[in-house]
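Structures incoming, each one as C-alpha cells.
Both of the next two complexes hold chain A, though its partner changes from chain B to chain C.
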Partner chain A sequence: MAMLEFIPQLGRRTLQSIPGLGAASRFLLTSLLSVFNRHFSFQQLFRQIYGFGVRSLILMVVAAFFTGMVLGFQGYYALVRFGATSALGTLVALSLLRELGPVLTALLFAGRAGSALTAEISSMKATEQLSAMEMMAVNPLAWVVAPRLWAGIISVPILCAIFDLVGIFGGYLISVPVLGVDGGTFWAQMQSNVTFSGDILTGLFKALCFGVVVTWIAAWKGYTARPTAEGVGNATTLSVVTASLTVLGLDFILTALLFS
Partner chain B sequence: METRAIDWWVGIFVLLGIAALVVLALRVGNLSGFAYDSGYVLHADFTNVGSLKTRSPVKIGGVTVGEVTHIGMNPKTYMANVTMRIEPSIKLPIDTGASIYTQGLLGEQYIAIQPGGMPQNLKPGATITMTQGAVNIDQMIGQMVFSKAAGSSKSSGSQ
Partner chain C sequence: MAAEALVELENVCFARGSHPVLAGVDMRIPRGAIVALMGASGGGKTTMLNLMAGTLRPQSGQIRIAGQNLQKFSGDAMYALRRQMGMLFQHSALFTDLTAFENVAFPLRRHFRLPENVLRKLVMMKLEAVGLRGAAGLFPAELSGGMGRRIALARAVIMDPMLIFYDEPFTGLDPISVGIIASLIKRLNTALGATSVLVSHDVEETFSIADYGFILAGGKIIAEGTPAELRNSDSALARQFLGGQPDGPVPFHYPARQDYAAALRDSHAAGEVI
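Let's look at the complex of A and B:
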C-alpha cells in the first residue's frame, strides 16, 4: 500500500500548487499595476534598469559575439557540402532573431539578474525589511518589487535587440573575412529572407514574454522564500532553475504559436 | 552610484536598444527595400512561374531593377500573372520580353527582362506578352532520359 501512497500525494501537491499559482499571478498583477501607487519611484526604476540592463550589457555582447561566430562556423560546414554557402547569412540571422537571441538573452538574464533579484528580495524578507516597510505604511510591492519587475521587462527586449545585432555581426566576421563567403551574397540573402515584422519583431516579442516570466519567477521566489539563510540560498537556486526551464518550455510554445 | 550618472547610463542603454533595432530593421530586415515603392507596375503572364516568390528580383543584364510584388492566377487563360515594380528611371520598349531564370543550379529564381528595340515604351500597368516561363529541371531530365533511351533502342535495333 505504501507504493500507492504517491497517488494521493500527487493529488495533494496539485491542489496545493493551484492556489500558489493564483497567488503568484495576483502578486504579478498587483506589482505591475502599482506604478500608479504613490510609493512607486521612477528613480528606483532607473536604478534597477541600470543594475539589470546596463550592467548585463558586456556579458550579453560577449556571449552574442561568440554565439554568432560559432553559428557562422557550424553553418558553413553544414552548407558547404551542398554548395549552398550563399544561404549562410539567412541561416545566421534567422537562428539568432527567432530562437537563439531571445532564449540566450533570457537564460543569461536569469543567471545574471534574476538570481540577484531573488537573493535581494529574500534577504530583505529574512532581515524583516519588508515587514518594517509595511509597519511604516510603505507598500513593499510598489517600493521594492514593482521597479524590479518593470526594469526586467524593459531591459530584456533591449538586451535581445543588442544580442541579435552583435551576434549577426559575429557571424558576418567569421563568414566573410575568415571563411571567404561573398559579402554581398551574405547580406542580400539575409535581407531577402528576413522580414521585419515576421522575424525581428516576433523575436523581440518573445524576449518581452521571457522578460516578464524571468523577473516574475525571480521576484516571486524571493518574496516567498523562507526567512532564513538557507531559505535565501534555496530560493536563489530555485529561481534560476525554474526560470531557465520555464524559458525553454515557453520558447517551444511561442515558436509553435508564432512561427507556424 | 550618483543618480545623475545612472540616468545617463539608462538613457544610453535605451538609445543603444533603439539603435540596434533600427540597424536590424534596415540592414537585416531590409525595411529600406521599399525603394521600389516609387516604381511603376508591369504585369507579365507566364505558363509556369516555378518557385518564383513575391520580392524575387527583376533583373536586366544581371542588374536588379525591381521586384515581384504579387503572383496570381488568371482564371480565363490559366496563366500565372506576375505583378512587378520597376524603378521609374528604367523605361522599357513595348517589344520587351521577360523570362524566369534560376540563379545557378539550385539558387533562387528571378525574372530576367530582355528590352526590345521599339521606339514606344510600355506604360505603367501594361502587360509584357513575350514571356518564357520557368524551366522545370525534373521535366528536362525526364525528357533527356527518355530520348536517350529511345535513341539507344533505335540504334540497337538497326544493328
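Let's look at the complex of A and C:
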C-alpha cells in the first residue's frame, strides 16, 4: 500500500521539479553568458578564483595527502598477496586521477566554497542588496553571480590537479620509504600505464563537470532562497546536500560514459 | 496640477497571492514636484514604489513614465531608465562587504570610468551633505540605524537622478537630522530639477516640503491634493489619517479571518488558552 502511494508521489515530485529545472537552466545560461555584459568584471572573477583557492587549498592538500597515503597502504596489502607490488604506483595514480581526485575535490569544494557561496548570495538577497543593485541598473547576475560561477568552473579542475599531484606524492611516501616498494618501479610502472588523454584528461574533464554542477547548485540555491534568516540557513544546508549527491550520481554516469 | 506628468498610474492592481494590495490606483505625479505618499502600514506604499521603478509588475493597469508604458520596456531599456532613478530603500539595503564610501561610489564605479580623484570628490560631497564625511571608512555593520539611512540616501542620489523614490527617509533619525534631511531632499529636488516621491509617516515634516500628497487606503487613493487641501479635506479617512486618530474608517488591524472577540469566545468554549 505504501509502495502504491510512493510511486505516483515520486512521479508528481519529478513533474513538479521540471519547471524548476528549466528556470535553473535559464539562470545558469544567462549568468554564464553575461561575461559579455558590461557589468561583468574580470577583476571580480580573479578575486573570486583567489578567494576559492585560499578557502579550499589547504583543505585539499591535507585531504589529498591522507587519501594518497591510505591508497598506498590499502593497495600494498591487496597487491602483496599476488606478489604484484610493482603495480602499486599505477594503482595509486589511476585511483586518484580517474575517481578519487575529481570526486573528493568536488565534495570538499561543495562543503567549503559552495556553502559559503550559497550563504553569501542568499543573505545578499535577504537584505535586499540584490534588489538595490537592480535598482542601480547593475545586473546582479552579471556583477554577483557570473564571476562566482566562472570562478568555480575554473577553480575545481585546478584544485583537482593539485589534489591528484599531492595524493600521488602521499602514496609514494607510504609505498617507497615506508613499505619498501622499489622507487624506480613505482614511477616507471605509473608512467607506462597512465595515459594522458585516457586517464588524466578525462579525470580533469570530470572535475570540470563537477565544478559546473556544484557552483550552479550553490548559486541557484542562494538566489532562490527565502529572504529570511531561516531561509539562508536552509539554502546553505540544502546546497551542500544536493551538490554532493548530484556529484556522486553524475560521477556514475560520467564513469559509465567515459571509461566504458 | 497643470504641469506635465512624469509618472502616471492608471487603474493599477497588484496582489500578493490572494491578498490584494493595490486595487485600482490612479495617480499623476507632475514633473519637478515633491510628492508625498502616505497611508497605513502594510497599505502598499513600498509596493507602489517598486511598481513605479519596474522591479514589480502590475497584474493589470498601466504605469507610464514620461509617457512611455513601463510594461513595454525591454530589459536593457529598463536598465537605461533606472540609471536616471534613485531609490532609498526602507531597510537601507547597503552592501555589507563595502565601506560607506564604496557603497556611495558603487553606482558611479559601475556606470562611469572616472579618475579616482574626481570620484572621491563627488562621493565626499554627497557624504558631507548627509553629515557623514567622517564615517566614510566605516562598514555598514559599524553604522547606527540612522547613519545607515543617511548613507543609503547619499547612495540613492549619487547619480543625480531625475526621479527619486524615498521610502521613509526620516525613520530612525533624531529631530535635528529629520529637519536637515528634509531640507536636503528639497534642495536636491530643486538643484537637480528632479521629481521626488516621498513615503513617510511624518505628516508635519513631509507636508513642510511636499508640493502634493496622496493618501493610500484599502488599495486605493482615497484623497489627494496640496498639503493645505489635504488638511482641510472633507474625507473622513484623510482626516483620521492625518490626525492620527485610532478610530475611524481606516482599520488599524490587518484583516483576520475572525474577529478577535469571536476568536476568544470560540477558543474559550473549546477550553483552549490563547
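The rule we apply is simple: the second predicted complex is superposed on the first by the 247 of 260 C-alpha atoms of A that agree within 3 Å, B and C clash if a C-alpha of one lies under 4 Å from a C-alpha of the other, contacts with A are read in each partner's own complex, and residues count from 1 in each chain.
The rule is short, and it goes like this: contacts are C-beta pairs under 8 Å (C-beta built on N, C-alpha and C of every residue); 3 or more make two chains touch, one makes a residue touch a chain.
As the structure is a prediction and not an experimental result, all values here were calculated from the model.
Trainee: Put the two structures on top of each other at chain A: do chain B and chain C fit, or clash?
Mentor: fit
Trainee: Looking at A:Ser192 after the superposition, I want to know if it touches chain B, chain C, both of them or none. Which is it: first, second, both, neither?
Mentor: A:Ser192 sits against chain B, while chain C stays out of touch.
Trainee: So if I put the vertex at the Cα centre of chain A, how wide is the angle out to the Cα centres of chain B and chain C? Nearest 10 degrees is fine.
Mentor: With chain A as the vertex, the angle is 160 degrees.
Trainee: Contacts for A:Leu59 in the overlay, against chain B (first) and chain C (second): which applies, first, second, both or neither?
Mentor: neither
Trainee: Have a look at where A:Thr127 lands relative to chain B and chain C in the superposition and call it first, second, both or neither.
Mentor: second
Trainee: Given the touch rule stated above, what does A:Pro157 touch, chain B (first), chain C (second), both, or neither?
Mentor: first
Trainee: Does the superposition put A:Asn139 against chain B (first), chain C (second), both, or neither?
Mentor: second
Trainee: Would you mind checking which one, chain B or chain C, touches more residues on chain A?
Mentor: The partner with more contacted residues on chain A is B.
Trainee: Which holds for A:Leu238: it touches chain B only (first), chain C only (second), both, or neither?
Mentor: In the superposed model, A:Leu238 contacts neither chain B nor chain C.
Trainee: Per the contact definition in the header, classify A:His39: touching chain B only (first), chain C only (second), both, or neither.
Mentor: A:His39 contacts chain C only, not chain B.
Trainee: Nearest CA pair across chain B and chain C in the overlay: distance in Å?
Mentor: Once the two complexes are overlaid, chain B and chain C approach no closer than 12 Å between C-alpha atoms.
Trainee: Once the complexes are superposed, what residues of chain A are shared between the chain B interface and the chain C interface?
Mentor: none
Trainee: For a test of understanding, state which residues of chain A touch chain C in their complex under the given definition.
Mentor: Those residues of chain A that touch chain C are 39, 123-124, 127-129, 131-132, 134-139, 143.
Trainee: For chain B, which residues are in contact with chain A within the complex?
Mentor: Checking each residue of chain B against chain A gives 1, 3, 6-7, 9-10, 12-14, 16-17, 20-21, 23-25, 27-31, 33, 55, 57, 106-108.
Trainee: Under the touch definition given earlier, write down the residues of chain A that touch chain B in their complex.
Mentor: 43, 46-47, 49-50, 53-54, 57, 82-84, 86, 93, 97, 155, 157-159, 161-162, 164-165, 168, 187, 190-192, 194-196, 199-200, 204
Trainee: What part of chain C is in contact with chain A in the complex they form?
Mentor: Chain C reaches chain A through residues 53, 55, 79-80, 82-83, 85, 87, 89, 91, 93-96, 106-107, 110-111, 155, 159.
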